[in-house]
Amino acid sequence: MSTIRDKLREYRTAGYYTEFEYHWTMAVDLDRCTGCEACVVACQAENNLPIVGEKRMRQGREMKWLRIERYWDGDYPDARLNFIPMLCQHCDEAPCEIACPVFATYHNQDGLNAQVYNRCIGTRTCAVYCPYEVRFFNWFTYTWDEPLEQQLNPDVTVREKGVMEKCTFCVQRINRAKDLARDEDRRVADGEAQPACAQACPTDAIVFGDRNDPDSAVSRKLEDPRAYKVLEELNTHPSVVYLKNAREPLAGHEDDDHHGEESDSHAASPVMWSEESSEAVA
Amino acid sequence: MLNRRDIFKYLAGGGVGVGTGLLLGEVNQRPLETLLSTHIPPEDFSPGMDTWYKTLCRMCPAGCGISVRVREGRAKKIEGNPNHPVSRGGTCALGQASLNALYNPDRLRSPMRSDGEGGFVESSWKEAFEAIAPRLGALQSAGMGGRTWILTGGFLSSGEEALDKFREALGANVLRLGLDTPATELAAAKAMYGFSGLPHYDIGSADLVVSFGADFLGAWRSPVGYSKAYGEFRQGGDGHRGYLVQVEPRMSLTGANADEWLPARPGTEGALALALGAELLGRAGPDDEPAGWEGLPGALSLDEAAALADLPAERLRALADRLAAAKTPLVLGGGAVGAGANATEALTCVAALNRILGAAGTTVRPNLAHAPRFAALSDIEKFVAEAANGEVSLVIVAGVDPLHDLPHSLGLRGALDRTELVVALDSFPSDTASAADWILATDTFFETWDDDISLPGNGKLSVTLQQPVQRRLYDTLSVTDIVLRLAQRSGGALAEALPYEDAEAYTRSEWATAWTNLGIQDDFDAGFRQVQQQGVWVADLVEGMADEFSAEATVPAAPSEAQFAGDASEYPFVLHPFQTPGLREGKGARLPWIQELPDPQTSVAYGSWVEVSPATADELNLRDGDVVEVSSPAGTVSAPVLRYPGVRPDVIAMPLGQGHQANGRYAQGRGVNPASLLAAERDGKTGALAWAATRVALRKTGERVRMTKTSGVSRTLGRQILGPEDEH
Amino acid sequence: MTLLASFAHEDAALDAARALRENGVDGVDLYSPIPLHGADEALGLGKSMVRVFTLLGGILGAIGGFTLCVWTATRFILPTAGRPVITLPPYLLITYESTILLGTLMTLLGFFVVARLPAWRDRTYRASSNVDRFVISVAGPGASDAEEILRAAGAESIEREESE
Amino acid sequence: MSATRELMFDHGQPSYSEVNNDVINALTTTTWRYWVTLGISAGTALLFFVAPWIYQIIVGVGAAGMNRNAMWGTYLSNFIFWIGLSHSGTLLSAVLHITQSDWRKSIYRSAEAMTLFSLMTAAMFVMVHVGRVWFVHWTFPFPNPMELWPNFRSPLMFDVMAILTYLTASSVFIYMGSLPDFAAVRDRSTGLRRRIYAVMCFGWRGTAHEWHTLGWAYTFFAVLVIPLAVSVHSIVSWDFAMSTVPGLHHTIFAPYFVCGAIYSGTAGIVTVMWMLRKFMGFGRYIGQLHIDNLSKLLLVLSLIWTYINICENFSGWYSGTSFEYEAILYRIWEGPFWWLYWEMILFCAVVPLVLFSRRIRTNWNLMLVISILINIGMLTERFVIVASSLPRKFLPDVFGTYFPSLVEISITVGSFAIFTTLFLLFVKIFPAVSIYEVKETLNPLRRREAHT
């Protein structure tokens, strides 16, 4: 009887995993990040991301599990450009995970937001629910011009049309490190598992590791006063932590809610909420 | 044609014709391939196991070390080599994408012979050597080696050495080509620091970096090495945070990351640097002034410089304050600043500022000397003139693409047309190779032996070894192999100069010789094996190996006024060509991953664009995607407009690297090449090509295109994406 | 033997049925083109047993739906979005739907069982009773007594049908 | 009741046998016009729906115009539209049955059929929408070999369950209500048709016991269907509202969708009524009272709908967040679909205001126009909700746009043909007007005069 009660209590626990085996976390130092996009190509190479071609890219169907977002501040001559790498945040309370009717996406014991390609039926609800827009759909079965397919990573599935995909934190590398550690009867050492983006980053802006290990590099980054999470107000509890760019605000920065010249033809016009929102923050 | 996959598609579509489908599927089945030869596996081949090879990235002259993951005999992934002193485990987008060059579907798979009508037919090495070697032999024996020109790049490698030996033995001419060669920077370093290599800039230990036009995070010299240093500069372990000021007319990637971006008028940067130097000298008092530098004759006051450069004077004063307060400042100059008509003078002023700041010797250090001599504009003109006179019998183009990269106004295409025999050594049907009589298909750097001494360097002596990581995919040879074979087949002095069997033997022999010369007595084989494992051989510079700072330096002169091709009234804008981190001068264009990579600042992929300041665009009534005709005295191109907030209103910026006439399916016919706009301007001091000294005019064509651009709205709209707002 | 009396008016037929019942005639049935108010009372039909089926179905559906959710979630545990394995609000929604689903299906079953349908074999029936006639049938031993009563009630015609 | 009775028949009451004749003749007598219409309709369905769908299955969902941002598009908005259209039939029928509104009786059969076929069309859109339709059965509650069941926490599973239940309940509801009429058809036909209807009516004889049981069962169905119908569109709305997407993440979405659904369904009924009058000769049974009552209902619904729309925009404006504010702004003014938004306001909020006039309410042709306008408005409402919210969520850098592709437009057009085809088949299988219930509304056949 008591076992049933225990089981019930376990099953009724929010979060279910009271503790992750490893809690893989990424810290992105925006002060170091230059937006050079080496990570973007590294991700493409590691994870067999297809080359979609110009036409499909223009249709907004590019496959980039990791992208650099750019945000302008101010106007000429006091213009400033900010970069922020955006990838699957591996939220602990991921909006995408509730969406899937067939359990193609779920949370694994390492805190990773996992996507099971062969279970996916392509309702795309997860992508709609994702506030970070880091889920990518195979609108077509993409092919590689021969012999480019010889480059494909044998550790990573090539996805077919109708399947959702996204950043896995290079789970194949994590699993290799875990296998190795298990063989040697130890935990994965800090820095042993590195996703392709972190490995490639020429400024070491991306730090990856296990948050459960208080001495890991990423745990130390989390202590940084600059640390924040994107769209934290949505309570998704991302596993990607950003360290705010430490640049001085631009002169006349108070004016940054002003939209200014917009390259987009549907540019937003000046709005009235700015005072309210800044009040709310203060 | 139906193949198996199509059939399964149709089956999925409706279950129609199951029987037919299966039947056709059987008929069209490809012959069984042997998956893995496990009986006699090749060396280093174990199925399912990764092998990592340390080698050299040859995508740009930076000379980064990489580590290549090989599975089942195929290179799979590039990663940085943490042992490498320049790249320190980092890679750039272009390096990551270099596998696309290896597996590119449009790579040349065998030597190609021109059919005389613009097309090429497959040939064999035997045919190729039989066609070329006798000509060489004839030229050699006739003592007409001078009628041969070798067009090559600027690597400091054994391969280039072989080419150079070949040239010497033949008595041929060489043109070391490239758009953005460090010729002006070398001249400035020689003048101000007194050494003949490129300086090593220690960005990592600087607390203030002022960069005049050098996009060191994007595409300038050694982006990975500088980026590594930049990481430390920004958030080093000791808690200090460096301050970066970027002076340039168009916000580059470095400008985007700078704390301050100063859009100085193009061509005024040297005067600006000199004015800052004079101000600092004035502030510090006479004690610190180098001898003879009192007051820096010709230097403008800060106010005058501000007016000249079209910058607010208070910003310059604030900059001078920062420079004065900085403990380890560093000033860089390059990019368009090193490519104006007064480039050497400007860079000399920048270097002088380093001396005034005391950076020379601390954050600016000597590198290994011995930079090659890059072709000045006059050299190119000489070649073109000789070709026009029919005095050029043979041109060997080794891995460079001058017909695309260099200003078309130089007339290189015509020169090659008038040459009797043009032999291109290339892995791709590049624009230049497509104009050749023979294309000798070369290996990619994954398939052959070579080495490199990084020119931008790291303040140490480091030689990176390039070794094959997999078997050749096709019937190709390396440049060194080709040179060696040509030499042997030609006989005479050529054969004597290069008595090596192949690239591997040659490279090993070069290393053995070098180590002997350096007095290294260790067992060579063991040492070389170790280098193969490490990927690089590093030693501290020893006395005499690199030049020292000269104690005395000439007083920097005020730079002359920048001259631009084209009349300001007819051509109101200065053209600012820039390299993107992926495309660079054009090598990235044939790599699909690079084509598909959104430009960091603009998010444009697959194509060219014209950056116009929003103010200018409003004036000309231009929206994003409006096609404009950009015309200069040298040519005209049409491309869509992109309103770019980070460019001066009197400057038009265009990315280099697209607009290939050949070069495979990913590059060909995509975008436009601003090189066709560039006038044959030169730097006044060195005669080097000044590629940022052309004026252009804009004309709206009325046509409109949808650009391939991933970015929607590049404003945060007040959303706290970049972090919580600071409390003011 | 079955007696079939046809009426042109619903109140006449109902009166006849009532009279038969008062006289203790058994085996009376009333065929009509529309459901007749008062027929329940005239023939002594009480509350239908269908409601039991509906109730059962609803209860089964509720238990079944909730059990399905809980059981399947614990079969193969794939936590999502930090939710507990047994998450009440969504499971209650499923329960709600399955309650209605099973309620509907059981009501359907109840209807067939209670109405003793389907009955495809030939039975006593006059097609006119599905147009504009009201037919009373009296089967079994009471039929002989019924004829008088029916006639008195105003039957248009009375037929006899011998049962096989 | 008798007042209603008089109003219901514009051209005098038919007799019982006339009702049988009229309804069953409409079922059995088929002119060449019917076959031509059916042929055109089925052909359109094939050409515009089936063919592009097969193409899409072959190349991938990329045949549609959806992209990185707008992962949902026309397919989903059409799905919601069709689910919405299904909402009046069964729901209205059940509500009116419980409240014993007699005027329901001549129209409910077609209304319920509309429910059923709209639902089927909606279910088609689910299949058109998903990336791998060949695995769509994985959403049904059964385990895979690993004993992995579907995720009942997903709003999409709520959908599956709700639609499954709704489809079942609606089918049962319409079928049970038709049993006596099947018997009537059986009695009047011969040969194969008679045998088929004999089976379909389960041997119905119309005994007091059968009527009694049917009455009970039918009332229970009605009671079960009402909360079901309300839940179905609430659940569909939660597909949206449970996301974080600005412009979709609104608490008001459930009542909004339910109201919109009934609104659009009621308008749909008006359209179908007009068709039945015009082409099936049911003018005698569907009259002034019906159209007047339905129009009043439409008017009330349009006012509620308008109110909710104001609420939605107000909450977006009042939220004080850039997300909601920009989403609303993009929807109503800055986006490429602003004109569709105002078109929807015009058709669904402004035009129905004319229904305050009784003369317009009882004018069949005008009502046809208004009902079609309302449904066009509702179709665009669903489209606008999807197409203006998804391309712009939280991160401005990935803001995009969405335009439906030709395939999507074609499939949208084709879906109407599918619905029409199904409906055309229906009128030849089911008595499109309930025979026995119409008879109930006639003056009862009594010896003694009624007391009225």
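Each chain gets a letter, A, B, C and D, in the order it is written, and its residues are counted from 1.
What we mean here is this: contacts are C-beta pairs under 8 Å (C-beta built on N, C-alpha and C of every residue); 3 or more make two chains touch, one makes a residue touch a chain.
Given the structure is predicted, the values throughout are model-derived calculations rather than measurements.
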Pair of chains joined by more contacts [C-beta pairs], A-B or A-D: A-B
Far-end chain from chain A, centres as C-alpha averages: C
Rounded Å distance, chain A centre to chain D centre (Cα mean): 41
Inter-centroid spacing, chain B versus chain A (mean Cα positions, whole Å): 31
Distance between the centres, which are taken as Cα means, of chain C and chain A, whole angstrom: 61
For chain B paired with chain C, centre-to-centre distance based on mean C-alpha positions, whole Å: 88
Where chain C touches two or more other chains, by residue: 73, 78, 80-81, 83
Multi-chain contact sites of chain D, meaning residues that touch two or more partners: 59, 69, 148, 150-151, 153-155, 157, 322, 326, 394-400
Numbers and ranges of chain A residues touching at least 2 other chains: 60, 62, 67, 69-71, 95, 98, 100, 103, 141, 230-231, 264, 266-268, 271, 273, 277
Graph class of chain-chain contacts, one of line, ring, star, complete, other: other
Parts of chain A lying in touch with chain D, wherever the complex brings them together: 56, 59-62, 67, 69-71, 86, 95, 98-103, 119-125, 127-129, 131-133, 135-141, 161-164, 230-231, 234, 264, 266-269, 271, 273, 276-277, 280
Chain C-touching residues of chain D, taken from the complex the two chains share: 15-17, 20, 141, 143, 146-155, 157-158, 161-162, 164-165, 168-169, 172, 176, 180, 183-184, 187-188, 198-199, 202-217, 220-221, 224-225, 227-228, 231, 235, 436-437, 439-440, 444-448
Residue numbers on chain A that touch chain C, as the complex places them: 7-8, 10-17, 91-98, 100, 103, 105-107, 237
Chain D residues within the chain A interface of the complex: 59-62, 65-69, 71-72, 129-133, 135-136, 138-139, 148, 150-151, 153-157, 160, 239, 242-245, 320-322, 325-326, 329-330, 334-336, 390, 393-401
Chain B-touching residues of chain D, taken from the complex the two chains share: 54, 57-59, 69, 134, 322-323, 326, 391-392, 394-400
